[in-house]
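Look at the two complexes coming up: subunit A is in both, with subunit B in one and subunit C in the other.
And then the complex of A and B:
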């Protein structure tokens, strides 16, 4: 065990990151929090629409998007890669929809077909391209990007002011757009998720909202993965939302809990990674999962002991409504 | 009666699922201020009919007019109560949130329900005796209470034509009585209500008019004229076991 777990040195693990190590800590924890918040907010809707797997699918199909963009433009600069990945994400959603509409395949199987084949296509393209010449993309880095390297990105400088590493700024912008979008279109997202039939009867375009949400999802996953890896992004789509679902039955409260969970996982995860000298992104997921397990355990326990008003399907329904007269067999 | 006064007019309506026809050649003009029961066996296309009216399913043929105009142009005048099982009752919203959804059709893109919408929603909840439950999470309601929340939501739509998909399915006696009182009230205010209904024995007491449906329209007219053993026989085919009871009670009451 001694080889795997270094001794817990309180000063090194807890104090140092916020004193001498602050310039590193702040960007890593901020990036982790932003990824968690953005993914978590979208994740709440994925969960409600029973589409938890779509995030997984999109994160995998990013690879062929990157490769195709590289093969066409012969460059790895960010806007090109970003566009390629985003298009691949949307294409995945379109393929899933198409399979579902044109065949009798159920949605989970349709998702699996779409993303496994796209991921395989990506791997094929990468290895084929490698045979032809050097390629700066590999599947490993798509899956396990490293968040700890973020502070070393040359910062964006605006008017002599150092703003911060570009990935963090990008993620912050995406998170801001997402929060504004949810605030502005809360009503539309709510009704199309809860009762698409009524939404359409009222003239809402459910397909437009679906693709809007999927675009947001692709945008979030793509901006997150290049620095933190697809694994953290996919985990954060589901774990914070599941954490919030354990503790609240009110959607706005869930959104706030999601954000709190994201920040808490990022901070505790970073400390864990300092202690164990391991991948920060993975440690953040581990901490997030532990928080989920805690929330789940506490809710289960309080339900059992009756501290929380547990669902009671048989409530008194007889109130102020007179019982109907006996069935018509009177005559 | 001019076109604009006919709440629902359907001509030669046909619907198909996966190229298999479910409804064909439906011709109906529903007059205003009536309670209309849509009756027929399982798989007769009752729910399909009201969904097709609202454009939720692609039509294989024919047209639909709501107060003389295509559905899209008059969708605000139509209130909808979907089947209770069609939504997830664990959804993180409370009773008030659901009733407020009835107001969404009148709000602009991105506009939130205001104080007036909340007031209307409260009134509608009061009408179904669910106001004390306004803050309760919808999963913590009984089946009958959930159905009443759905009715309150439809009332909040303030429409002139209501389409209800099995509102009586799986509800307790108190809720059934409450729904009937509500339907009568709507009718007295000149509204038109179409109800997909399963229970043949109560259909005759509840509705002014009946639409007997089995993929084709068997009969549409005033209940007294349409509710005959012959018509029911045609609608339900050879399934005499369901019918014998009703036919018997029909015979005994005609004395």
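And then the complex of A and C:
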């Protein structure tokens, strides 16, 4: 047990990262926050639709998508890998729906069957391909990932202005697309998540919105896995959204809380990982879970569910549905 | 390979292993122990001298390699244990619980390692079981004290426990002993690296599962299918829930070494889901699921053995997936193909019956003066082309319902065809009469409903309807209802065609 927990040195853990280690710290914390925000925003909708574990399924089935894309195109460049993983994510959703619709196997078993089979296929393909030649995919890397190991050099330079490392910019772009998408289609996403029956009656194509959301989910998971790994991406999807749902019943408030939670857990998590010399992504999730536990404790002690927001659940839903799209976000 | 060296040199472990083997012997799994070898074992199943497929296959079936014997015994035990537990998970809709728990045991594995500072199966087993039970308890607590649904609770436990475990594992890897810990093997498992301790652990867990199932089969069955009834009958459902969770944690922890964190859930759920598609009896489902588990374990080991550099766990899962796909598509009752075939043959029968009815109507319009039905006339009634009607009639002829006249311009009923036509028309008109008389439908609202029900009404229902309607002769539109005697051509209502 000796030496497992390093002594807590205030200067090394708290001061140093923001002084001498600043260039590294800022990018890691920023990356962690962006992953948390992007995943958390989608996670809010997953939670509403009771589909939290579909995120788990998609994050695992990325592996065969990466391997097949690699075996076909023999390259590890980002767009190819990205497309392969995205398609694998959508395929998982389609398989789950097929099993659930065509047989009497329930959705939980369908999810389990779909992603474990695809993951096993991916691991087997990697091993088989390794016999033929070097494969630049490691199943363990897909599962774990490490935020401190993603390549921060060289930074993208645009017109003499140093913007930042490419992975962070990529994640920022995904987050931006996601925020814009949610602002544009706020009403549709809200209605199809809360009351699919009414949405259908109003002429909305619930299937289209379902697959749209699943595409967004695949997108964030694919862009998140290289920094946090497939399993911890699930945490980034669920934990911030659960934290927000614990404190608020109002969806826009929840979105804001999700983002705050993501930033807070990224910052505290980084310090924890510096102290314990452990994986930064895992430490961020641990801190996020502790934050959720605090929120849980507060609601349990005060016996009040919507701790932050004023409107009652009925009111907030009615107001948001009645509001024009986009304007609901700032109520 | 620290584990191998330790296993050879450590007398305490040998003694402990011997005592565990005695416990296992009590639990009716003695039969499997003749397979347990005593000597050296290879790290990977496929580290072999034979290069040809048949050479390897022969070597597989003659069980020459001790490592293979371990791996195979482990796979068989794992198949039984996971298959049995998986059946409960599938019918209780807890499939994802296995996924959550298999990830949640990681911190327990790490703490178990820290306890002894080496890869001791028993310490890791204890740590992981405690972590698994804590995870199961936390899921229940989240569901009961917050408004989060089960999926969120499972996801939270999965992710947060796993994160703690990942932190611990990376911290262990910083230690001088940590690099050799072999904890990374828990992610994907390595059936080839199963040692005697692991296999004995699996045997004990499998024996315990069988024992609990044998003692409490009835209670577990009732709790799984009708929790409300079980509670009213005085069965402590919560106790049995946690008993199942305990067994599940045992199964997961003892299988981790072989198939790894991610794929344990597959070995639990996929064989059971395949069995669920094939039978409606829970007893059979348990047996089938265990058989599938064993089969996929053996097939996976075989493929891994004959293939080069192929991992065992994923191959087991892929063979389980193959079994599931087989059940999914070719299952006799719930299979996709069987359902498609049933739907197709039903719509074909309805098509035939509608044509018979149209032929009856043609005869009825003529006042049953003749027996032959001109195809041209039939086509007019059906509003189809003569070619289409002739083609359909050709199919009816192969079913022995009609026969063509010599010039193929008209058809007549065969006795079978006439009987079925009378039945369909009777069903239709009786139902119309029933709806207007007993259910107070308007006369012009009953036809559509009767069009559907006429193909479904059984003999018994028809008898009841006739009795209820006092053996009426005419339907609401005033047309005659063919009586039963008409089927045989001697009824009073309709002359023999």
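In this section, the second predicted complex is superposed on the first by the 297 of 331 C-alpha atoms of A that agree within 3 Å, B and C clash if a C-alpha of one lies under 4 Å from a C-alpha of the other, contacts with A are read in each partner's own complex, and residues count from 1 in each chain.
Keep this in mind: a contact is a pair of C-beta atoms (placed from the backbone, for glycine too) under 8 Å apart; a residue touches a chain by one contact, two chains touch by 3 or more.
Only a predicted model underlies this, so the values are computations on that prediction, with no experimental measurement involved.
In the superposed model, A:117 makes contact with subunit C only, not with subunit B. In the superposed model, A:186 lies in contact with subunit B only, and not with subunit C. With both complexes placed on chain A, subunit A has more residues touched by C than by the other of subunit B and subunit C.
In the superposed pair of complexes, A:4 makes contact with subunit C only, with no contact to subunit B.
By the document's definition of touching, of the two partners only subunit B reaches A:200; subunit C does not. In the superposition on chain A, A:250 makes contact with subunit B only, not with subunit C. Once chain A of one complex is fitted onto chain A of the other, the partner contacts of A:39 are absent, as it touches neither subunit B nor subunit C.
Within the superposed three-chain model, A:242 lies in touch with subunit C and out of touch with subunit B [touch as defined at top]. Using the contact criterion defined above for the overlaid structures, shared-chain residue A:232 touches subunit C, although it does not reach subunit B. Contacts of A:131 after superposition on the shared chain: subunit C is touched, whereas subunit B is not.
In the superposition on the C-alpha atoms of chain A, the part of subunit A touched by subunit B in one complex and by subunit C in the other spans residues 245. Note for the complex: subunit C touches subunit A at residues 89-90, 93-96, 98-99, 103, 114, 117, 142, 145-149, 151-152, 154-156, 158-160, 162-164, 166-168, 170-172, 174-175, 184, 187-188, 262-263, 265-266, 269-270, 272-273, 276-277, 307-311, 313-315, 317-318, 321, 324, 328, 334, 336, 339.
Within the complex formed with subunit B, the residues of subunit A that make contact are 48, 184-188, 190-191, 193-195, 197-204, 245, 248-251, 254, 309, 311-315, 317-324, 328, 331. Subunit B contributes residues 51, 54-56, 72, 75, 78, 80, 82, 86-88, 91-94, 97-98, 101, 104-105, 107, 109-113, 129, 137, 139-142, 144-145, 153, 172-178, 180, 201, 205, 249, 252-253 to its touches with subunit A in the complex. Put simply, subunit A touches subunit C in their complex at residues 1, 3-5, 47, 50-53, 55-56, 60, 99, 102-106, 108-109, 111-113, 116-117, 119-121, 123-124, 127-128, 130-131, 139-140, 143-144, 231-232, 234-235, 237-239, 241-242, 245-246, 273, 276-279, 281-283, 285-286, 288-289, 292, 296, 299-300, 305.
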